[in-house]
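Per-chain numbering from 1; labels A, B and C assigned in written order.
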Amino acid sequence: MFQMIKRAKISKKESALIRLSAIVLAFLFSGLFILLLGHNPINVYISMFDGAFGSLYRLKETITITIPLVITSIGIMIAFKMKFWNIGGEGQILMGAFGATIFALNMPELPKFILLSLMLVSGFISGGLWALIPAIFKVKFGTNETIITLMLNYIAIKWITYLQYGPMRDPSALGFPKIANFSDNAILPSLFGIHIGWIFAVIIVITVSIFMKKSKWGYKISVIGESFDTARYAGININRVVLFSMFLSGGICGIAGMIEASAVNQTLNYSISAGYGFTAIITTWLSGLMPSIIIPVSLLFGGLVKGGNFIQTAFLIPKAAAQILQSMILFFAIGSEFFVNYKLKYKKRNYTTTNEKESV
Amino acid sequence: MNQKVFVKMKDICKSFGSVKANNLVNFEVNKGEVHALLGENGAGKSTLMNMLSGFYKPDSGSVFIRGKEIKFNSPKDAINEKIGMIHQHYKLVDVQTAKENIILGQKGNLFVNNKKLSKKIYDIANEYGLPINPDKKIYDMSIGEKQSVEILKVLYEGNDILIMDEPTAVLTPQETKKLFQIIKNMASKGCAIIIITHKLNEVMEVSDRVTILRKGKTITTVITKETTPELLTNLMVGKSVNLSIKRPEVIKSEEILKVENLFAKNKNGVKVLNNISFSLYGGEILGVAGVANSGQKEICESIAGLYPIESGKIIYENDDIVGKTPGEIINKGISMSFIPEDRLGMGLVASMDMIDNYLLKEFHNQKSIFLDRNPILKICNKMIEDLQIVTPGVNHPVKQLSGGNIQKVLIGREINTNPKILITAYAVRGLDIGSCHTIYDLINEQKGKGVAIMFIGEDLDILLQLCDKILVLSEGTVMGIVDARTTTKETIGHMMAGGLNSKEAY
Amino acid sequence: MIESFLYSVIISGTPLLFATLGEILTEKSGHLNLGVEGLMLLGAVGGFGIGFVTANPILAIFGGALVGMLGALIYAFLTVSLRANQVVSGLALTIFGTGISSYVGTIFVGKKMPEVIINFFKPFKIPLLNKIPFIGNILFNQDFFIYLSYISAISLGIYLYNTRFGLNLIAVGENPSAADSTGINVTLYKYVHIAIGGALCGLGGAYLSIVEVPQWQDNITAGRGWIAIALVIFASWNPYKAMYAAYIFGGLNIIGFRMQNLNFSQNLLDMLPYIVTIIVLVGSSIKKSKNNAPPKGLSVPYFREER
């Protein structure tokens, strides 16, 4: 019989080793699966890597996918630090994009810098307000935020779909249900061949890292996440911090939405979030809520998406292979967490040390 | 089979980490007997009983039930031996009815025959005189009713060894009376009943024999009729031990904090503070003695602004601070330090390092939105040196330090702010002797500086040797405040057990 | 007109009903499984694949349930044995299910169910019951799979509220430590019910691929798994109420299509389940209602000897 024993401490090396072996095992297992379906896993992996990072063009494409992942992960990280399970990234991205679109479509002739700034601010506020809804319920009534944020995703999707098929449908699109394209002034410029969303991402990562590590608010967020009792003991106004941080969390996801609408889609549509909100939960979690680790993890997942698309077109291997790989990495990473925190010790069922027979 | 000895536990040892909760404990209970297990908080009573009910496994030793040696691996094994335990915190499913709770986990037909079941429950309930409505949901029940359900749960399966952990802790006197009648009924019907308690009057009233545990060891087993509460107290608290704790003479200064007629209820509406009044003076240590859960925690948290108060006043410099949040208290510039019982759950953030933990107290004082950790780094390094804290460094998570060092970090932080009031709850719990003395020295140093100190403790020897005055609590009421220099351990033990106020007025 | 509408409401609500029942059972054991969408897709591809290969309708149903169950066992291992975070594990399961169904499904793209199976799942009348005026024709002139969903819902209700196992399960989800102290094998209960829950979700997906659509489409569930999670709350964890809930939202699914000429947006109607779920959830947390609240142990890992 195995007994679980909580580890008193674990060296960085040991925990890194456990996590690393989880990733290796994930590749092995998915490989086995790919093999069962009649493909050579090594070829698949090589082509995926090639497809994601094999040329400058492919690398740029991968980075384009990585940008919203990084930004959304940072947003979600703030909520997760507080143990507020914000799984509403999808909805916050969409509402952020919606906020940006209002300005993009109604004031298309504003000077580029002003228009983009307005879109950014509006995207931030819209995403933030959307995230404030579950936070208010949580603070006021103690409602579980997991399901509410999940539901708000779908309400946001339906709302944008409604707009796309109804009031905001572009009459000049020849009956095709789409929202009008943005004017040139509403589109983010590029730098080094990639839209400047990457600069936003870098700025957000740096700012939020500093915010979390150095600022009073970041400190309060960490304390609340660790223990409500300690936060109360230290005289922190918990409700105020929760509301503010959720606004910030949703707002940052909203910025991702603004970037996707402006730079990638150049319009608004209901599939703009493309699952980034969900994938970001995973990348955030895998990065251990550390902003600096979010970038490489997001790049890995961006690469998996891009590589998946590549093997599909180049080798007719379904891109779902990449999804399977993603989920395997996750399964093993989630499972490995247990072995970071606990040791298994084999223990015999019998514990006695006395052998004497009792005679009464 | 006619077996008289129902339970025999022999040479039981159980450790949690470095703490020996049970050390070669021996314990025996007969059929038809009410056996009290008496001991102070931390004496190892609950640990022992958790092993008898299969929740913990002993490290060594053997357990014999009705003469047969049994190895417990899970609560199921205890159930098979017809042992039932009623925990202090009831293990009931709120959304289910009494009936449903009673049959949980039991074997029988797939479908439940409601009529037959209700009848059987009524039959047992009547037999023992338990009031019950089988179809009432637990969340609609009073605490007494919940306890009846717990007892029925145990009796229903035909269990005849019953363990009750502090069964009267949450009951009214009337409910207690009824419970004792029921317990006596059960014993007369052949059950063996073990009551974990530290209330002497109840031991005298209900038990046939008493086993006394102290500091994880069996002291003795006596027949209740042949003993007196005084004798039991002495056995429970032990002989006075000289711990060579210094008690510097400091001339007490003015009154710094005054608590007047404080009343409070807990979440369940049970009175936890009952007309508490006392004062803290500069340069004096007021000890607080009392069995566990007599209101110590609530007093501390009330003063720190963490507990809702029903009525009463807490006066600090002519200002009533009742109803203020900890944030408001800090912002008012009231310099108070509270060292809570739960070090890593309240006083410190387990996963943060020393600097960030120091910041818990300090961040209010920093005006910029960014935190400056440099001055704190210096303070922490000085603290490590002054208090001889053993740590790999200021950036090491505090949870990885030993208990004594964790406590030094906490106390070090609190006294560094130069408080006027210092409240400590179980400051030396779980610490080794060396660390304990460091903590006493620190507290005495504060006393010398004229700080008003409240020291909540569980070891009477420490209280008697460290404090100037001792306030004795029993069930949320102040039984009296005595002079630590002249009083005896027995007097305090008597008062803790709800004995009359001694006449040593304060 | 109304009759034929209600008739299709039952069909459209059936996958939701299975999945909601599955998630109810899972949540009753104290586990929030956000992998319903993935489990449905696993069931869809498993049912379709086995049906396609064997041309045996019963095996097809079993296939759907079995594959769903296997998926849920991964989740159970992570969250029960390894005490992993339930949200992340559930999301991982959804990605896994989506990936597997899509990968395996490439073999079946555009393929139809064999005639044998399609014929087997033709509607048939249940004698006597179908004579009940009005509802007889709606409820009791359906296919075998739908009858299976009625049976599942009702037997699950009986199981939960009238059997010892059901009572024990509720205790495990509400207060695992109390359940443990009465000798209930908490781990076993969690595993079994998460697995059966997965099988039911799998059946929901299988109904789509085998009967409702009956040809393979990628991402055939189109988000129904997420609705099911909402429906669990809407039905306040009650298998009987799950029937109303599933049919109401099955109805919403098709009403917009029927109301095209009334010029009311399907998309706004589609929001209703989610909005109602939020209202129900917030409402129950305001009232602190004890009967309609989530199981208390939901999402909380259980350890016995933690000290």
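Here is the rule we use: a residue touches a chain if its C-beta (ideal position, glycine included) is under 8 Å from a C-beta of that chain, and two chains touch if they have at least 3 such contacts.
In this text the structure is predicted, and so the values were computed from the model without any measurement.
Enquirer: Assign the assembly's chain-to-chain touch graph to one of these shapes: line, ring, star, complete, other.
Expert: Per interface graph, the chains form a complete graph.
Enquirer: Please state whether A-B or B-C has more C-beta contact pairs across its interface.
Expert: Result of the comparison of A-B and B-C: A-B.
Enquirer: Could you put a whole-Å number on the gap between the CA centroids of subunit A and subunit C?
Expert: For subunit A versus subunit C, the centre distance works out to 27 Å.
Enquirer: Approximately how many whole Å separate the CA-defined centres of subunit A and subunit B?
Expert: Using C-alpha averages as centres, the distance is 44 Å.
Enquirer: Quick one: report the Å distance separating subunit B from subunit C, using the average Cα coordinate of each chain.
Expert: 47
Enquirer: What part of subunit B is in contact with subunit C in the complex they form?
Expert: It is residues 16, 53, 55-56, 74-76, 79, 85, 87, 91-96, 100-101, 103-106, 108-112, 137, 139, 153 of subunit B that touch subunit C.
Enquirer: Inside the complex, what are the residues of subunit B that reach subunit A?
Expert: Of all residues in subunit B, those touching subunit A are 3, 5, 8, 10-11, 57-62, 64, 67, 69, 71, 73, 304, 306, 325-331, 338, 340, 342, 345-352, 356, 359-361, 363-364, 366, 369-371, 400.
Enquirer: Under the touch definition given earlier, write down the residues of subunit A that touch subunit C in their complex.
Expert: Checking each residue of subunit A against subunit C gives 4, 37, 85, 87, 137, 141-144, 146-148, 150-152, 154-155, 158-159, 161-162, 165-166, 278, 281-282, 285, 318-324, 326-328, 330-331, 334-335, 337-338.
Enquirer: Quick one: which bits of subunit C touch subunit A in the complex? Just the residue numbers, please.
Expert: 32, 34, 74, 77-78, 82-85, 87-89, 91-96, 98-104, 106, 223, 226-227, 229-230, 233, 265, 267-268, 270-271, 274-275, 277-278, 281-282, 285-286, 294, 299, 303
Enquirer: Enumerate the contact residues on subunit A facing subunit B in the complex.
Expert: Going through subunit A, the ones touching subunit B are 1, 8-9, 214-217, 219-220, 222-223, 226-227, 229-230, 232-237, 349-354, 357-358, 360.
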